[in-house]
């Protein structure tokens, strides 16, 4: 069937390619004419404006937006202005599901359907397919299902879950109608929240392995830092790149994120050039705020988010204050001087 | 080659089967004669005591112990008593790596090698193979490598990590010599610590999805519990079993633990009969203690462990005390009565 | 000076009493006529409606609302309808500071000042005074300063901070103009977030003391729960009520919350009748959400909030799911059966 | 009565002063003869060796050690060599309670009592007194009680806990016999664990206040960092030194640690010269390990410890690895370039 695509970054362009391969017809637009030209060369119909794109689609139209979350709002308005009752806007970006709820409510009186399609798959989606978490009215979902089925990975080579039989359900093909508008991005949000937690679990564990040789390093003689107890048990020099590769096969924690970790360490074993200032992009924050709103404990997901904040030194004032308090109550200096028997309480936290 | 196996529970027996399939010769012992008989029927040589097992092996002997961690210590002593210089004991169970370090040191004067083989793979290992994390002397590792290679999953169907070429390295076949005695169980310990974190991330996320309908439930009118703000954003009824199935394909968090979650929810969608008192079995604890020892932050791994403790109500005294404090400073009752305008500060935390 | 008070619950009534004692004149209203009558008997002027209250105040009027957060919004509207330019509404309840920002903006065109006064002090405020965190326009703060000074504790018996000299600053007397409308409740919100963290630190610590005798209890022989290592180090029966009393004098953690803990344990040493379902009342949630919004790590504050959620079993689905996963990958039952040597991997987390 | 003191650092010397003021007789030793001379000038009896100190004490002797934890072990041995049955060694330093248990067991056959006295009070102890948490045999505690009573703060000016009547109990005077050898340092360990949690709660909260102006700063246009939502709610410039001073009076979180925070910010409002690399000194670590051992959830105490580790960049490898993973799955660069509509998924976490 036919789809309009606005936003031809890597992900938008690859979705178009995946659709065209499967025989769908795509009308494409981007502010960058080169991006349009590239896909036209591959068989898409180009548009030179949003109005042009709408004009080139047959009613009922479907326009997929694949743009940064920050500009989705204005683009929804722009696109909606060119549409009519029965048409559908699909937001495939990383919008906050709350914006979906608001936008759907705003478009409803005009009879325009709003579908949010949380999309996971990263740079590998072109070949591997994109996992789609979809929110929106039944009618729109049903009409667009062929599009979703093409974009999704399909059954793939993954083993079928025991107990599932007969025809493959949509979720087994990699797309799911999760509920009304907003439900798709809600599920995608939680997906990314979980992703933060898994990434943090891997990173913390690898950090322990990387420091399993702590007992071999010269003891710190500082009176301010607790000395390593039982250094004899921390004498291991672990080859962390090899361990991540090992765990890919047969272990309980084998996972795509582990595959990526192994690939990263194969490519750059010493992690050269990485300062470790870890970005976050909204979904992890929204997940924690949602958990807080509905009273669900999420200590792991929250901790993984806060670690990212701290990696960017957002803990600086707190840490300075801790040092300042320690200085007050015990005369603890950050850089302690070293005399011994006299020191009495220097090591104490009072 | 030849291997003695002591402990024919599910995992021990399946390792024997995997070895025999690949042409290795196994001498087996268990306190349960039926377990021995079953494997004899499949081609193993049975032993009726540890002494008998040692007698039936050719020097240099290799005896694999696959028994609960609690009895490994005494069994190592028992087995060692039947061995001689050049022989090897392999502990394939879930021992604390510290015990490995101690045991290896104790056996060294007698010339007996001690190898610790952290083994992951669960009930699926017979077919899928077991991921092996191995510690011990080079000599013993090298001699026993054919055994490890058979037990391990091999290259399998998993895609090769980009950048790896030529012959498969051991870690690509699912076994790795991680370092001296103790290193294998150290890596296995951290592996399980990570596993706790990943499981918790999944469980917390699914709990948020399960409660995405919080806004549809009758508002709690209690003055003591914060009311749900913006209930209009929590109106989703998410089919959590379908979501876990969905994420198996194409999503960033696809993983074996997710496969198992989907399988669990397929089998028992309402989680009937599960009280949610989650056990833990040592490795998660040891991981957190190791992180604390070497000064590595592990908030996610620790939080996942503490959630398990709390699931078994180990937080009870703390919670009672919190209620008691609240009662003191604000007259907050656990079960508040309901008058309104008068209530003034009832809802306050002072 | 003169103040109108709406809401004569414990806190509202005690503020009125504190004001009258210091010579201020109070006009009071509550939906409960008995509450009005009680204060009239102590010297207040009673009002039988909000309109009546406004009529009995001289311009520029100041009306303090001390009502549950849930009804503050409608009451602000009601009161504002009776006021005119130059008058001031003070919200002394536990409103979300975001509501203050919105309400102030709404009242501004009419020339009505909106002041938010975060108020801490609990049941002890009548004697001890209330700590006041105030947001609002300079003009309103300055005019009402005599009121704030009376409500606040004053310099009290607390030792002066080294380096402070001369006249006492407002913050040394227990009230502070924190910034524009909303700033007062923002500071109060964070205050309560910190309170959650301190309470949790105390409760967790006391729980460790309460269980310092873990090594004396009969060992659990379960294959599913990690046995206590080194029980010889957990043989202490600590008298927790005495310890909290002890720490009140001379220790680094002496604090008002510790005083309350000691009082609670003196009154009810066994914490009889407390189920440990800990409520929360909004500020802790808002604090965590604010931290997430602005990218500030707050793992301790978040953990203390999530512990309260978990105390009310909001972790149930997550825990059931963890048990379900464990059942899948290792055949781990929640209530394990007990055979030994055969058990092989039963205790494992695979 | 008579006491020998070994270790005349600030805390040891001040304890001696406090004892002499109250009429006790002190024999003192330190490796630094100047420290000895200073106290001799104030009335103490000097000793020039441990043997000399023992010789100058009457049986049954009591020798208090106030030295860094790292050298306590050897000093206990040295002192014990000069003592005889019926004598007592008191360790007033910050030893791990496990060492107390071991040392007491070792000295028991010789009839020497071992008392561990966890001591809190910091630089203010000379005037304020020291809170004493005491472990050891009843006999030794009872004989030394006059010493403990003098060192402890006494009833002080702190209000009596409601319900307590009659003579003051030891815990009301600031010292407590907590149990057998080790119990004193166990309670002190948990005390310090709680202290870490309280300090972290304060520091995190103040960090939120310090960043309450996040909405006023120029928006970050990075595609990699989540933009601040609703900047209109983060427009407050909070005077954090004033806020800490404010909370000292009448607020629920008033506490000695808050007093110290206010003092620190009064002295150094901009926290100049503090890098925020926060030390830790053992007790926080031991507390978390004890909680893990006995299965008590302690997420707040653990988080406060891990924040300190992270403040010293012990999270570096983990963070680098997170950046490396992000680079793999989404092509996320740490320092993103800026084009817009094209960017498609750049902001995504895939």
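Just a few scattered comments:
Read from first to last, the chains carry the letters A, B, C and D; within each, the first residue is number 1.
Please note the rule applied: a contact is a pair of C-beta atoms (placed from the backbone, for glycine too) under 8 Å apart; a residue touches a chain by one contact, two chains touch by 3 or more.
What you are looking at is a predicted structure, and each value in this text was computed from that prediction instead of being measured.
Note on connectivity: the fewest chain-to-chain touch steps from chain A to chain C number 1. Across the assembly, the mean Cα position most removed from that of chain C is the one of B.
Centre to centre, using the average C-alpha position, chain B and chain C are separated by 40 Å. Chain B and chain D, compared by their mean Cα positions, are separated by 35 Å.
Centre-to-centre spacing of chain A and chain B amounts to 26 Å, using the average Cα coordinate of each chain. Among all residues of chain C, those that touch two or more other chains are 120-122, 192, 195-196, 200, 202, 204, 206-207, 211, 225-226, 229, 252, 257, 263, 285, 293, 295-299, 303, 306-307, 310, 314-315, 318, 329, 349-350. Contact residues of chain B toward chain D in the complex are 252, 285, 288-289, 292-293, 295-299, 302-303, 305-307, 309-310, 312, 314-315, 318, 329, 349-350. Residue ranges of chain D in contact with chain A, taken from their complex: 7-13, 30-32, 35, 66-71, 93-94, 96, 120-124, 192, 195-196, 199-200, 202-204, 206-207, 210-211, 222-227, 229, 257, 260-261, 263-265, 268, 271, 274-285, 299, 303, 307-308, 310-312, 314-332, 334, 336, 340-350.
Residue ranges of chain D in contact with chain C, taken from their complex: 97-98, 101, 120-122, 125, 128-131, 133, 152-159, 161-164, 169, 171-176, 178-180, 182-183, 186-187, 190-198, 200-202, 204-205, 207-209, 211-212, 214, 225-226, 228-230, 232-239, 242-243, 245-259, 262-263, 266-267, 287, 290-291, 293-301, 303-304, 306-307.
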